[in-house]
Amino acid sequence: MSLDRLLDDFAAGQISREELKRELLRQSFIETGCAKIDQLREVRTGGPEVVYCAGKTPDQVASIFDHLNRHNGRVLGTKADQAHFEAVREVAEARFDPVSGLLSIGGAPENPVGKVAVVSAGTSDLSVAEEAAGTAEFLGSRVDRHFDCGVAGIHRLFSVMDELNGASVVVAVAGMEGALPSVVGGLARPPIVAVPTSVGYGANFQGLAALLTMMNSCAPGIGVVNIDNGFGAGYLAHKINMLAFGELDG
Amino acid sequence: MSLDRLLDDFAAGQISREELKRELLRQSFIETGCAKIDQLREVRTGGPEVVYCAGKTPDQVASIFDHLNRHNGRVLGTKADQAHFEAVREVAEARFDPVSGLLSIGGAPENPVGKVAVVSAGTSDLSVAEEAAGTAEFLGSRVDRHFDCGVAGIHRLFSVMDELNGASVVVAVAGMEGALPSVVGGLARPPIVAVPTSVGYGANFQGLAALLTMMNSCAPGIGVVNIDNGFGAGYLAHKINMLAFGELDG
Amino acid sequence: MSLDRLLDDFAAGQISREELKRELLRQSFIETGCAKIDQLREVRTGGPEVVYCAGKTPDQVASIFDHLNRHNGRVLGTKADQAHFEAVREVAEARFDPVSGLLSIGGAPENPVGKVAVVSAGTSDLSVAEEAAGTAEFLGSRVDRHFDCGVAGIHRLFSVMDELNGASVVVAVAGMEGALPSVVGGLARPPIVAVPTSVGYGANFQGLAALLTMMNSCAPGIGVVNIDNGFGAGYLAHKINMLAFGELDG
Amino acid sequence: MSLDRLLDDFAAGQISREELKRELLRQSFIETGCAKIDQLREVRTGGPEVVYCAGKTPDQVASIFDHLNRHNGRVLGTKADQAHFEAVREVAEARFDPVSGLLSIGGAPENPVGKVAVVSAGTSDLSVAEEAAGTAEFLGSRVDRHFDCGVAGIHRLFSVMDELNGASVVVAVAGMEGALPSVVGGLARPPIVAVPTSVGYGANFQGLAALLTMMNSCAPGIGVVNIDNGFGAGYLAHKINMLAFGELDG
Amino acid sequence: MSLDRLLDDFAAGQISREELKRELLRQSFIETGCAKIDQLREVRTGGPEVVYCAGKTPDQVASIFDHLNRHNGRVLGTKADQAHFEAVREVAEARFDPVSGLLSIGGAPENPVGKVAVVSAGTSDLSVAEEAAGTAEFLGSRVDRHFDCGVAGIHRLFSVMDELNGASVVVAVAGMEGALPSVVGGLARPPIVAVPTSVGYGANFQGLAALLTMMNSCAPGIGVVNIDNGFGAGYLAHKINMLAFGELDG
Amino acid sequence: MSLDRLLDDFAAGQISREELKRELLRQSFIETGCAKIDQLREVRTGGPEVVYCAGKTPDQVASIFDHLNRHNGRVLGTKADQAHFEAVREVAEARFDPVSGLLSIGGAPENPVGKVAVVSAGTSDLSVAEEAAGTAEFLGSRVDRHFDCGVAGIHRLFSVMDELNGASVVVAVAGMEGALPSVVGGLARPPIVAVPTSVGYGANFQGLAALLTMMNSCAPGIGVVNIDNGFGAGYLAHKINMLAFGELDG
Amino acid sequence: MSLDRLLDDFAAGQISREELKRELLRQSFIETGCAKIDQLREVRTGGPEVVYCAGKTPDQVASIFDHLNRHNGRVLGTKADQAHFEAVREVAEARFDPVSGLLSIGGAPENPVGKVAVVSAGTSDLSVAEEAAGTAEFLGSRVDRHFDCGVAGIHRLFSVMDELNGASVVVAVAGMEGALPSVVGGLARPPIVAVPTSVGYGANFQGLAALLTMMNSCAPGIGVVNIDNGFGAGYLAHKINMLAFGELDG
Amino acid sequence: MSLDRLLDDFAAGQISREELKRELLRQSFIETGCAKIDQLREVRTGGPEVVYCAGKTPDQVASIFDHLNRHNGRVLGTKADQAHFEAVREVAEARFDPVSGLLSIGGAPENPVGKVAVVSAGTSDLSVAEEAAGTAEFLGSRVDRHFDCGVAGIHRLFSVMDELNGASVVVAVAGMEGALPSVVGGLARPPIVAVPTSVGYGANFQGLAALLTMMNSCAPGIGVVNIDNGFGAGYLAHKINMLAFGELDG
């Protein structure tokens, strides 16, 4: 029985509170052999279980997508590659964006709401910035992209400043020294989600330099996610964006 | 001329757009000898310039408070100590909370809005958690405190879970291994601001262990601030909280 | 002369204590050209010498397996690959599990004793968790597996909590932020062996984040082994499990 | 109502299962203003809540000791100093060992069981080794101490080897290069709990060198706790020791 | 015989080239018991030997100052404290600036040349910025100071941008995330000497964060010196400044 | 309209100051889909935008080169490979040096000025040293190369010391322990740009050892760039070199 | 003119001291295009220039070998591979040991002197241990090999202890936790050269764990070389070994 | 019975080999309550047990000195302070050098042999250099001191090069960037013991920079000891020095 059906029945008084709880518990995860799929995360936390594809075999990914698809009708996977895509399209119609590594069933909602602005420093940060943008879109946010606005040519950033200030939340993506969120943070009103990327070399230490920079920003109002974690940034930005629409309080 | 007066004059057509801009630029910072005080940060970013007191002499802090007080009527300082307090109270009526190290003129608004929930892991994290809570209150948010809810006794966390889910945003403060935000993130709907603290010893490395834990959380929807940076967490949480009230869009 | 034969002879009074000691010393390791095989480790420490296959050529591994097989009849190798397997099966009937990288002659005993519970956080931790489980089984412990129980969906963990409490010892395997052992440690009675894995990216630093988390756990009763060291965890868990059966005291 | 009383009533059928559960939940922690004291940890995990005193004020420690004492009659605190002791003795008869920093009400049981062997490398490791020994004793284990047995004079270690092999579990404490557990691990039958200490200088990096050594030990059967974490080692060793007496299975 | 005298004699043909070289070698350093003072560094490298006072006793510093003063008439010491000053003023008229820790005999030349611009991020970076400025002045450069221009209030930086572009070289001093040189580097024409400071806390790691930021700057034209090394920055900036006046080629 | 044309028109009074500024802003960067090309960097900072090719696809690089070539007639790319070269030569005549990874359109000016001396420690540092030399040449400096002069055979360094002292600025490139700049700094008059390389193994940690060495040099007058950042060194050296010719002040 | 011829001529009074020095300087290195070969290192330091092959092309290596061979008749290269060997054998008769990566012309002297004992912990350390042994042999020392004597089976080490004590110097090679030199240092009379290897995984961090262990050894009389630096250990051991024969004093 | 007496008796045939061994074992260490003193280390390893005083109480140190003094008549302690000295002089006539922290009973032998040269980089390295020199002297080596010879003024080093080459072994002590051993290693014939010191600041990281430099030296023939470990260097140098006199082979 689908979750919606279950909730309708409860609302209609056809099943008791106890029956609902028992069924919810029974449905709360599915054993697929290799995974316990967390089906009620959306009920619990307001966001669906998203599949981290890296390090899983194409067969494992396809099996998990299949289960989640049957239950929710929409699935999102991150850090996927072409082989994961091939395996998933065997079980359902799916889309794959090789730039961001996002693999999905169901796509983004037709009427996105609010505004998440994604701003990135350089061309090389593109894949992480797209992962953030695509994630927020899949979850239902409207997203504006402003790429290649690094602080070495700060007028590029100024040219988009008004648009950043018109968003509910800004995702700022940068590698190398990662100074972009600090500068945005000194100029913008919305809360900022900062994403360090592993772009760079030498004393960059695979993104550690940018991570530390963002952690130590002298401008307040910045929360940082893991290096290259575009998904996490998009997910958090979506949650914040939804606040402006009362969606989390419903 | 105060900022409000200036804006009123402009709205009333008594000064031109150009005159307003020139005056804004002139007022944008004040040279105090040791500092260029950023008076328009609130206009620009929606939050006031907050004074980081550690590493400044009591005289420097008092001078900066005096300037900001004359201009804004309300001032907040962080990581302050008793000596800073003594110096500031010479120039204005001020309050000092030795637990959080917050030093303020003007105090929190009478009618706080929304809800920021601050949850912390252990008694030793108290000062950082209070710094977060006090900052958000000073800025105008209503704050609930849930202290000593570490994951080693996870039922303590469960007992406050409903209240966390009733907030717009959760600030999760933890030292030692810093697992609290991960567990909260798997259970809560609001976006989470995670604060690692330097509480611990040995391989904790002054908070690095907790910082890395929070960065790598398997639960999404978490933004991390610097180790012991309660102020940054409270500031960001306030910004997010305001979104639910349309304050940032106004 | 085999070790058992030697000990029987001594028990029967056919060789003296001095003769036994001399023979033991002579047999204590075998020069194979590339290795001094430690044949008496089992006598000395209660566990057999186990062959770390990574970084050894297939020929070296096969030669060492051959020697140990002739002496003990049972051999275990870790971090092996298909090529090691091919070489060893030339000299003896062997089994190879590509998931865990365990390569063995003789297999697990028919009547395992006690109970070791292996709990892991995610699908990607599977190979390390299997290495721990397979090692403990080879050594003679009964093993229960509870995989994919990460703290982001903590109800999955709660669903197996009773079974964990029914074991003599729990092996907790987790990558990313590695919070699983802390949560288990706050809920479970048995001693816990924690295994950080290198699963994750960015500020995970190949498992360092999980390692530090486990080191700093606010829940006591946890001993940590090296990153990805499923073998070490299974070995230690087996030793602890045997205590409950007096095997180490015999 | 004390926990024992409650359980007796339930066993005698004077309160129902539901009443018991409700009362347990009510009693599960006590709000003391600064702390939520976890009173049921012993029921849940087989070990009492132990108070980490460092970073708490003497008043906070005394208040927590007072609460726990009223409930359990026995309390243990770690990393305490003279000021904590002074404050606690105001509320109850307490003992304090300045070498180990252990502060306790109630002391060790009269009839300790099993055997935990604590072996340490040098005189400077004394306080951590004593913290491990004292913790295990407080919890009810019999403890043998073998101090100053570092590998630089390996005959000192050999002279105690038989006694180590006679224990259920060995706690090995070492600073500087931390090689002691590796050598013990190659010679001893019991499981080993390794404790790196911060003793050393230069490239020791406050115990990191010893920690890494123990993590990478070529001898299996070793679980590692945090740097200077004598308490954690004693606690884990006690749990393992109890296995040999069926205490955890009861 | 003083160096100038020696060179005059050689120019006048009163001593031969061989005699000059022999005398130079003889004079090249002076044994003072605790130090071999490098008297010819100025001849060789264009800059005097500067005394690093931290870690030396007041007596050692006074003795070295005395020797250098007799030979050169001008001496500069760095990272000095009041005690060093007291000892040196016993042997010569000296000046001490407690903010920068610079201790000198002889002071700055009357007619400084060129222009070195020192720009710093925050009030807390003052002492390092002053060390850079004071060093360059002592060596003969004209220095402009622009303090408290951090990127969190970037208009403060813009207000001094023309003056920075009017200098031969810019010294950019910043702690916390250290983004200032990146932003300056994207806007300014002169070469930039970047100085990370240890101002900050938590994941700043005593200046490491700022150091990595500056190392990885996406803006080229930046050379970095050690954390808190205001002296090194001022020295290098002076050398570069002198180039614009042909002083190094003479 | 080209930049030169624009400036000529302004100088000739054919366009107003306002028209010039508007056009400059319009031209200041070009949207190419994947990048905002910073066309006015040369006007602003005295150096052209240089294309960091690593991590960009050949198509992206070719597109950016094409745009910059149309605007400036000269383009420089760094860390390029053969595939980048193939793509760029489709759109313009280009040169590629596989040793340094420099890819350029337009080549070095015919009449280089001043003197930059590039000195390197070992044969393995060749590619980074060539990147520094080639960059400075492309920008218009005359460059002398002195390779394989490491301090293990210090007479090799002495043999080129006079030539180093004849330059305006020295670029010192070294891997392994990176001691070369310290020794040069004790002997040479010009300012020094130090480049650590990732040459080495073991405790070299991909150039970290050399980086720390250069940061801590006991000889002053040294500015350090990122590990393997030959481009950054060449760019900075060129800027310093131009000072001796008044080019930056024009 | 060969070096020997030159020295004979000087000894015979056919050339003056000045002529000898001038010729030595002229011969001290050879420009080969990619390298300045240090031909007089043997005269200066008592050991030949050894070619570090990793990171050099086969052609570069062959060219350097050719030059050194013409001058000295004997050449040693380290970290070489098959391709380097193929290129060198084109120019001279050469030997290559794929285990140690040593590539040589001329081979070891017929009558080695003294005794260097090389002891290693595990089979996986073989290549580094062989590099040390082969280097010392090439330089003229007699070498005894004692491989696979790790501390996990310490009787293997004891069985060779007498032989170690009979050597002039012991090279101790170990990966993983690297405890071997500490144990040897507590038992052996000769000075010890310790070589950490990168054998291990997880918290081994490519040999860092073993390096720190050896640095912090509680047994004195140990000097450490770089991770995997078998060559450096063999070279240093040879120098020490020669002392026992007065070779360095001649 | 003293050790000498015991050996005389054995040589005279008055006690058997078995009796000697039994007595040696009995005497091999003394339980003093806080320590097992290793009395036979000198017999076993050719060097006495040396007391590491830091972290021990004055009473502990005095007790250990007293025991060793009764047995050997000569004792050496390192990293001692004035309080240790006061306690030890209560039990025996002792000497204390506050610069090096060496505390001794018995002093250096009257007729030192061989030559150990100690060369250090700066005045601030004095205490570590003196610790190395004093240790080697106490053990019986003749020691030459050459302090303040850092590479920033390399002529100071050249002035002592002949004396370094006249020694059996060179101890090179340096902080900051630690380049001294590399330069000495390129010029000197004797084996080199390198000692990094913690002198420096910022990116020096308490001696880590110097340690890495020495580890990665491009000059071979260098063994490194721990940061600030002057004792370890002096001890190793003495062992090497003795080789030249056949002392270790006797």
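Should a chain be cited, it is by its letter among A, B, C, D, E, F, G and H, assigned in written order, with residues numbered from 1 in that chain.
As a convention for this text, a residue touches a chain if its C-beta (ideal position, glycine included) is under 8 Å from a C-beta of that chain, and two chains touch if they have at least 3 such contacts.
Which chain is which protein? Per UniProt: A, B, C, D, E, F, G, H = Nickel pincer cofactor biosynthesis protein LarB.
None of these values were measured; they are calculated from a predicted model.
S.K.: Comparing each of D-H, F-H or A-B with B-D, which pair has over half of its contact pairs in common by residue number?
M.R.: D-H
S.K.: Tell me which has more C-beta contacts between its two chains, D-H or D-G.
M.R.: D-G
S.K.: Based only on mean CA positions, could you tell me how far subunit B sits from subunit E in angstrom?
M.R.: Using C-alpha averages as centres, the distance is 38 Å.
S.K.: Using Cα averages as centroids, what's the distance between subunit C and subunit E in whole Å?
M.R.: That pair's centroid distance is 60 Å.
S.K.: Please compute the C-alpha centroid of subunit A, do the same for subunit D, then give the distance between them in whole Å.
M.R.: Centre separation, subunit A to subunit D: 43 Å.
S.K.: Indicate the residues of subunit F shared as contacts by at least two other chains.
M.R.: Residues 41, 122, 152-153, 185-187, 202-204, 208, 211, 215-216, 219, 226-227 of subunit F each touch two or more of the other chains.
S.K.: For the complex, give me every residue of subunit E touching subunit F.
M.R.: 41, 44-47, 50, 168-169, 185-191, 193-194, 211, 215-216, 219-227, 231-232, 235-236, 239-240, 243-244, 246, 248-249
S.K.: Applying the document's contact rule, which stretches of subunit A touch subunit C when the two form their complex?
M.R.: Where subunit A meets subunit C, its residues are 25, 28-29, 34-36, 38, 40-41, 49, 52, 54-56, 60, 79, 196, 198, 206-208, 211, 226-229.
S.K.: Hey, which residues of subunit C end up touching subunit A in the complex?
M.R.: By the definition above, subunit C touches subunit A via 122-124, 126, 147-149, 152-153, 155-156, 159, 199, 201-204.
S.K.: Going by the contact rule at the top, pick out the subunit C residues touching subunit B in the complex.
M.R.: 121-122, 150-154, 176-179, 182-183, 185-187, 200, 202-205, 208-210, 212-219
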